[in-house]
């Protein structure tokens, strides 16, 4: 669907250093997929997404979308393509001169949709994003989150083929976020919409994305299936993001902390990789071996492909038994890290 | 009482002159609005990279600057053939209109340009991202989003036009400014000057009030 | 005896400047006089007189005006020493209006005003309802209307002096002429050029500049009987000022008179009294 | 420190319904405390915080800050008070005409701080928020997160006594968020700064707040110690927020889902309330009773006051044993919910 | 060649006139800038609720409107005593300055007001939240944040002033516009009109170029 080759964008500056916001980026995004892009602030995420619909002219590289070379389109074709691409902006970019209703109707006007049809569509969208009763308000009379919802409705108005979301939910509370994400997943399924989600909230990625790319310094430093990336984060940046959704345990109470607290036994980090068979592991260990297991901290969650997560447990007992238990764990697909108490 | 304060003022003259001023300013404001917005949009839209744009921008800027540079009385003269063709006369209030419009439009064009520059780049970008044509961007983004400044701008221009009408007196266009000059200043009858000025001040206030009201009403920021 | 009007003016603040300026020039033993004039032909004539005056130890400064009120005002306030732009009726009217204490040092030339038209070639042919365009200079209206009266085209209320008549004083107007008196005088030749069926009363200086020859082109032309000789005017305190006397002498000299006749195709008539 | 009584703000509108953004709100915030305010989009959070420093004139009510009645201050005193209140805006509100450096120096200029001192302070702050090297950039050249960081540095410049944060971190990635939050906690401790944090991100509350208020529809519907609110959320809104930080299990896979999947045994929801003793519960159950326990889903985390969290487990075995095990659990401080399979 | 195209043009006259135009426009632009910004700030800052504000606003608006209403030629006249007191003369380019400034400042004040209205309410609010005094808000927020529009506005005004100088010819102020009128138009020498107009166009272009350059350079949005 979208294939990006050697894409780069350099902001030139006379008196300051040039900024390479996007640096030789390669990526391919499948049709109908929800693709996440995460990265630290300033990593180049917004720049990247703006290059996709050529709001920013690339310094170099190639973007092929739906078999069309975006970088070489003439104005007319570019406009046509853009009508098929919805975009949610980080800073809303609403027209202050238009009401909520008219802001959402805006892309429909541009696409030349008839008035009646427009009205129905807009009302539907207003309901969808939970702004009923606010139709005739102006953006200046809305809260931050309400503005963002107008922006979301507007991006969806045209039934786009591709939806670019730049921090679409970062101004929203969890309930609204969930509603919006559900909505995105829904239209993704129903209409086969391709969605590119830029966010710094990993749980958004977790909740709706199939694949994710991690950006750092304008480069994609890691990408793959969301579950893979969650389970085996290679880069430090990625690990940091994964922690976010798994709770910030490692941060707050790293394994050393537990180790210090226990005079005997071992602290284990068990990493479950999404197979139901393993759910009974602890029970089995306690039964089979003469050990005691305390659950210290952890997070087990379920994705589409099964449960996964990490548990820190303290295993105490006779040294040999512990050894056997560890040996047993190694035979399952559960990943294990052992930390002796110092 | 009034008779004593304004011994030399002929009410009928004032009425006629006020009418002329209203007529000239009213119509030329309309003309200026249209031509000024067109020119202003040209100035704004062509102000970017690219050779064609550069050339177009230069041409528009030249037109705007040249017409602002020509002294008004000479502009009137230069436009005589055009005025004659368009209005069928080169005397009186009607004949003043082309010169008034062509004199004020380039000026308003600059104000339009300033107003357009203040429009948030983000919303223009949003429209572009939706595949908006230039036409859409103009009529659905640039003009509505700069409307308060456009209205304040035409208010300023309208009031400027009132002063211009005084100069249009040279071709018998009349108006309050001309009356003040001819029957007041020349005859050294300052009660006439004063009466005319009061009327002009009132007209200015009316214009300003309408402009302020509209501009405030439309501003939803 | 520096020949300026300063000593007669005690009440205007600009005096001091004027005095300083002049005393500086005095030390070079030349007398400076400042004369206000309208552009054509007065300024041009004065310009011509400059070198002649210089020979006589007089430095002439010319102040050019665009309109007809300020030159008198400036004269009364001592900003200029004399002016050269107006004719007797106008001067009288001004004196009456403002109580100016002015005297004329003598007429220099007459600019016969004329009525012109592209299409109408004789007074008899003037069609009914013809528009007559006059300048917006109220002071000239009587002079022009007097010409129409002379030609029998209009007549005034009883007891009205033709020279100071206004449009409102017209009682008989058999040809139903429509007098329209709102135009910038410099605009009038344009109207002559462009509006073929109207009568345009044009001051001679503008007529000449507009390429007209008054003696040939005018439908109605003021005769030499006209009281409208352009005068050199000063304040009565200054009337014996030698430099100003010299100015008048020079302006009436052979050389200047020939210049006027040649330069202006005889359309400006030099006078001597 | 800050005591708010019957505060309300009504946005009047001629042609539309009036909006009661803040509705008879009562709250008191202690000196030196970090106080969180959460709530859905449009709940009135921003309006509330803007009432505190009178950027918005209240329709009614009273705000006493540091023994000063904010609502009755004259202009001069209000200005003086405001210099002691830092504010981070939801929409940054940076001056485009000033560089990063000058934006941060702005409040110092207003307070009349000498140039040299200003320079040191600003450089210190720039380093603090991680914008070194970007000093001379203009806001338009920054990413969303970078802008927010400038806003944060600016709010801290004046060493305020009270800091009002309106979604200060919602545009930031987790790393930067953590850095900023750490920073806030630090200055809170060092300088005894009172901080009011408005956010829709519960983990921000969890990480730094001592107390929290939940707003809905302009009202405070719940407030208290963070841990209390976490453990015993009373209102639906609050529960929704608590879920956010505990993972969104209930949402994605409610207990019914588990129940359906197991033919025998019981699905239990174990709620740990922060006592280390309970950590060995599962181990003990397995050992003591003849049951098998599968950990289905859950989240255990540690706050300052101890670990807490929820685990969904499936307990299988002989009916009587299960009954005994449940009985045992009831005797601990672990809260239990049992869901029979339907 | 040039001699043939412009037989009546006296280079010396052009030089003098151009100098006069530069002198008058230059100085009056400075004066207009200061007074216009002051008045514009007054208009903007007093435009809010509260009785004192309403009164102040009305007074400022009246001053601004009245001075814009008076026809320029009459304004010159009315200012004679003031001009005389201030400049020590009522003739020549120097004497034109007060009328030029007082004629243009109210106009620029309106442009300033428009520019200030475009400043993002959010940043003004941020400054207020920091405890900024009105002085700070003016000098550190309003003026810097509206600078591009203020500069474009003074450019427009400067070019307007060039036309005004033509009218100041009435008091012997000279300048290119006056030269075009007197030695060109009145004397039917259209080569002089043309030469003067070209020079004015050049000056206009210079002003516009400087204005555009500064405004663009300063605009960091």
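For reference, chains read A, B, C, D and E in written order, and residue numbers begin at 1 within each chain.
We adopt the following convention: a residue touches a chain if its C-beta (ideal position, glycine included) is under 8 Å from a C-beta of that chain, and two chains touch if they have at least 3 such contacts.
All values derive from a computational prediction rather than experimental measurement.
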Fill in: Contact-graph distance - origin chain A, target chain B
1
Fill in: Greatest separation from chain A - chain, by CA centre
C
Worksheet item: Which chain maximises the distance between its CA centroid and that of chain D?
Response: C
Item to complete: Specify the chain pair with the maximum number of C-beta contact pairs.
Response: A-D
Worksheet item: Centre to centre, by mean C-alpha position, how many angstrom separate chain D and chain E?
Response: 54
Worksheet, complete the sentence: Rounded to the nearest Å, the gap separating the Cα centres of chain B and chain E is 17
Practice prompt. List the centre-to-centre spacing of chain A and chain C in whole Å, with centres computed as mean CA coordinates.
Written response: 89
Practice prompt. For chain E, jot down the residues that touch at least 2 other chains.
Written response: 181, 185, 221
Worksheet item: For chain C, which residues are shared contacts with two or more other chains?
Response: 67
Fill in: Where chain D touches two or more other chains at once, by residue number
91
Worksheet entry | Which chain pairs touch, all of them | A-B, A-D, B-C, B-E, C-E, D-E
Response to the item:
Per the touch rule, the chain A residues reaching chain B in their complex are 53, 55, 78-85, 87, 89, 91, 93-98, 106-107, 109-111, 138-140, 158
Fill in: Residues of chain B defined as touching chain E within the complex
61, 65-66, 68-74, 77, 107, 110-111, 113-115, 117-118, 121, 148-149, 152-153, 155-156, 159-160, 162-163, 166-167, 177, 180-181, 184-185, 193, 197, 200-201, 203-205, 208, 219, 221
Worksheet item: Which chain C residues qualify as touching chain E in the complex?
Response: 13-14, 17, 39-40, 63-67, 70, 74, 79, 186, 189, 206, 209-211
Worksheet, complete the sentence: Contacts from chain E onto chain C in the complex sit at residues 84-85, 88-91, 169-172, 178, 181-183, 185-189
Worksheet entry | Interfacial residue positions of chain C with respect to chain B in the complex | 67-69, 97-98, 133, 136-139, 180, 182-184, 187, 190-191, 194-195
